[in-house]
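The structures considered in this document are given below.
The same chain A turns up in both complexes below, where it pairs with chain B and then with chain C.
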Partner chain A sequence: MNENRYSAKFKAVDALLITLMILPIIFGMMLYVLFTPPAEGIAIEGSRIFFTINMPLQPLPITESQVNSWIVIVSVFFLCLYLTHGLSATHPTKRQHIVEWGIEQTKKLVSDNMGEFFDSFAPFVAAIMVLSAFSSLLTLVGLYPPTSDLNVVGGWALLVFVLITYYKCKCGFLHYVKSFAEPVAFLTPLNLIGEIATPVSMAFRHYGNILSGSVISVLVAAALQTLSSMIFGRLPGFLGEFPFLQIGLPAVLSVYFDIFSGLLQAFIFAMLTMLYIASGFPEEDYKEKLKRQAASH
Partner chain B sequence: MQSSEVISINIWQIIISICNLLILFILLKKFLYKPVQNMLKQRQDIIDKSIESAKQADKEAQSSKKLYEEKLRGADDEAAEIISEAKNKAQRKSDKIVASAKDKADDIVNRAKADAELEVRKAQSQIKHEITEVSTLLSEKILEREINSDDHKKLIDSFIENLGENDD
Partner chain C sequence: MELAIGIILGCCALGAGLAMIAGIGPGIGEGNAVAKACEAIGRQPESRSAVTTTMLMGCAVAETTGLYALVIAILLLFLAPGRLVNILVETMNTLG
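Up next is the complex of A and B:
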């Protein structure tokens, strides 16, 4: 194993995996360059539609957010292959230490927040975090972040809602229905609203944060350009057209909105997923039910 | 090129997004968590095995240590026995040598004693003879006559015998 790691074949596979990891991003950037017309003024709009497929109920537009999601998935897939390439029980490499650390961390996070019953949720929570974080980070290479599309984040929230409901129904459907009339019967409508509000709030929080980030970035950039042309507009030639004031501040905003906010929202979304699923699951009742089943057999 | 609205809801896009998340979940589970978990399990096995073999080796070392200690003790005993036996043998030999030497010395002393006695007796008889002769001569001279040699001898002998008895 060990001598194999320094062989030319091993290094070639490594290089191939890294290339395959980067290629989708380059492909996305090329698509963006080819299909985006030069901007005219300030434009705040959703993702670009490449083409539309006719489907029952509603036509399906294949947009930038879909394509960028797929780019993230393919890149992450090759990243996984790269990270697990040359795993060794006795001679761990640097990248293996990183992988082990990450996996230990997600497992610990899940078992701390959800309890032992949900230990198998670690890859799911990691998938939410990775997809959300990398989608938001796509703005760093100038691509449209899929997380600022309501449909994308809404889909994730819907899936989480389905999981919450599934675990609430673990003790039987009647138990689930009854849980709405607690602690007092007349609170039922409020409980219902709260139940529906969960996925909606999750979706809108994530989507709103990312979208507002890009909106603010665009607005600030446009304002700075206007200000710049007002102050330096009198200068001759190129000096008059160059937006000097756009140097600096947009970069700071980008660090905040693209990196910090994107990672934070990914973390928040994953945390909320864990907390909602774990808190909705009636663990005590479920254990009692299992005990009763064991007793009856 | 068209753009979608900033806030728009499309069922198919939502379904695609759900599928994307599920696909990534499966990919992560299959290509990241499973291999790492297998590797960790393998490592655990290796650790367990080496601990087990270390315990085994320790046990073996203990038992062989006991064995060697026993052997060493046996060797000590044997050495003590050999030494004591050798000592006994030497003692016996020395005793024998000393005894034989004593015997020889006694023998020599006895012989010397006998020799001495013989000498003494020889000397006595010689002295007796000389005294006899001297007394004969003296008495001849005193008496001026020659006594019968035999009578004379008898006389002297009795005299000397009396003398010796009185002396002792």
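Up next is the complex of A and C:
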């Protein structure tokens, strides 16, 4: 087993997986370079529409955010294959330790926040977290982050909303309808609004944070460029054109907005997913229902 | 015509600015949350990770109103002017 890991075949598969992991990102950068029209000055744009497919009901536009989401999905898929390549019980590799640590942390997080009943939710939560984090980190290679498109995050929030409703319906549909009239009947409209506000606020929170980060970064960069051309514009030749003030500050902002904020939002989205699903699920009623079913049989 | 477009653009910018007044609320709220979390960590340093996680969650929820305002401000800045100017131009064309 041990010598197998250093064989040429193992290394070749590793190299292939890493290449397949990086290729989609290079593909995305090529698309970006080929399809971006040259912009003058400050440009804050939504995701570009590459082409439109004619569908029966309504034309379906294929946007940059969709393409970039698929890039992230394929990349993360090969990253997972790379990390789980060559698993062994007796001689764990470095990457196996990393993977095991990650899985243990996720399981602990899920069981801490959701309780025993939802132990099987760990892969789902991990998938949401990883997808969101890598989508936000896509700005680091200069691509459009899919999470700054409301449609993408809205889709995720809708998925979470369906899950919340499914687990609320676990005790029967009537129980679900009745739960809106609690604690008193006249609060029903408020409860309905609160129910709808859950996915809306989740989507807006994630999208607003990422989008505001990129907008602020672009504005600061543009302001610094104007300022430096005002101050150093009189200098001759190359010195006059070089934006000296743009060194430094945009990088610090990028560390906060792109890395910290992106990862934090991924974590918060996953946490809120867990909390909403777990808190919507009527656990005690469900246990009673199970008991009654067991007694009747 | 130019005056009308100018008024539209100016009012959109003003509206975006006014919408962001809502940023005060989450600022104060999150400040309170972080202050209390610091106190809690100071009292019980061993509960640091749990307090931090809860605080981040609370901050995220408290931020929601501010983000609603932010979304409205962004719509007003980047989407509304074009739409409104288009509507204005169309009405002017139909009126002659």
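The working rule: the second predicted complex is superposed on the first by the 294 of 297 C-alpha atoms of A that agree within 3 Å, B and C clash if a C-alpha of one lies under 4 Å from a C-alpha of the other, contacts with A are read in each partner's own complex, and residues count from 1 in each chain.
Definition applied: a residue touches a chain if its C-beta (ideal position, glycine included) is under 8 Å from a C-beta of that chain, and two chains touch if they have at least 3 such contacts.
Computed from a predicted model, the values in this text were never measured in an experiment.
> Could you tell me if A:I44 is touching chain B, chain C, both of them or neither one (first, second, both, neither)?
Both partners.
> Using the touch criterion from the header, give the chain among chain B and chain C with more contacted residues in chain A.
After superposition, B is the partner touching more of chain A.
> Where does A:L272 make contact in the superposed view: on chain B (first), on chain C (second), on both, or on neither?
A:L272 sits against chain C, while chain B stays out of touch.
> Is A:P189 touching the first partner chain B, the second partner chain C, both, or neither of them?
So A:P189 meets neither chain B nor chain C here.
> So in the superposed three-chain picture, is A:L211 touching just chain B, just chain C, both, or none of them (first/second/both/neither)?
After superposition on chain A, A:L211 lies in contact with both partners, chain B and chain C.
> Scan A:F77 for contacts with chain B and chain C and give back first, second, both or neither.
first
> Scan A:G237 for contacts with chain B and chain C and give back first, second, both or neither.
neither
> Considering only the touch criterion stated at the top, classify A:L264 as touching first (chain B), second (chain C), both, or neither.
A:L264 contacts chain C only, not chain B.
> Do any residues of chain A touch both chain B and chain C, and if so, which are they?
Residues common to the chain A contacts of chain C and of chain B are 44, 211, listed in rising order.
> Sort out for me which residues of chain C touch chain A in the complex.
For chain C paired with chain A, touching residues are 53, 56-57, 60, 63-64, 67-68, 70-71, 74, 78.
> Help me check something: in the complex, which residues belonging to chain A touch chain B?
Chain A residues touching chain B: 35-37, 44-49, 55, 57-58, 60-61, 63, 65-66, 69-70, 73, 76-77, 80-81, 83-84, 87-90, 96, 99-100, 103, 122-124, 126-128, 130-131, 146, 149-156, 158-159, 211.
> Under the stated contact criterion, what part of chain A meets chain C in this complex?
Result: residues 44, 201, 204-205, 207-209, 211-212, 215, 264, 267-268, 271-272, 275 of chain A touch chain C.
> Under the stated contact criterion, what part of chain B meets chain A in this complex?
1-18, 20-25, 27-29, 31-33, 35-37, 39-40, 42-43, 46
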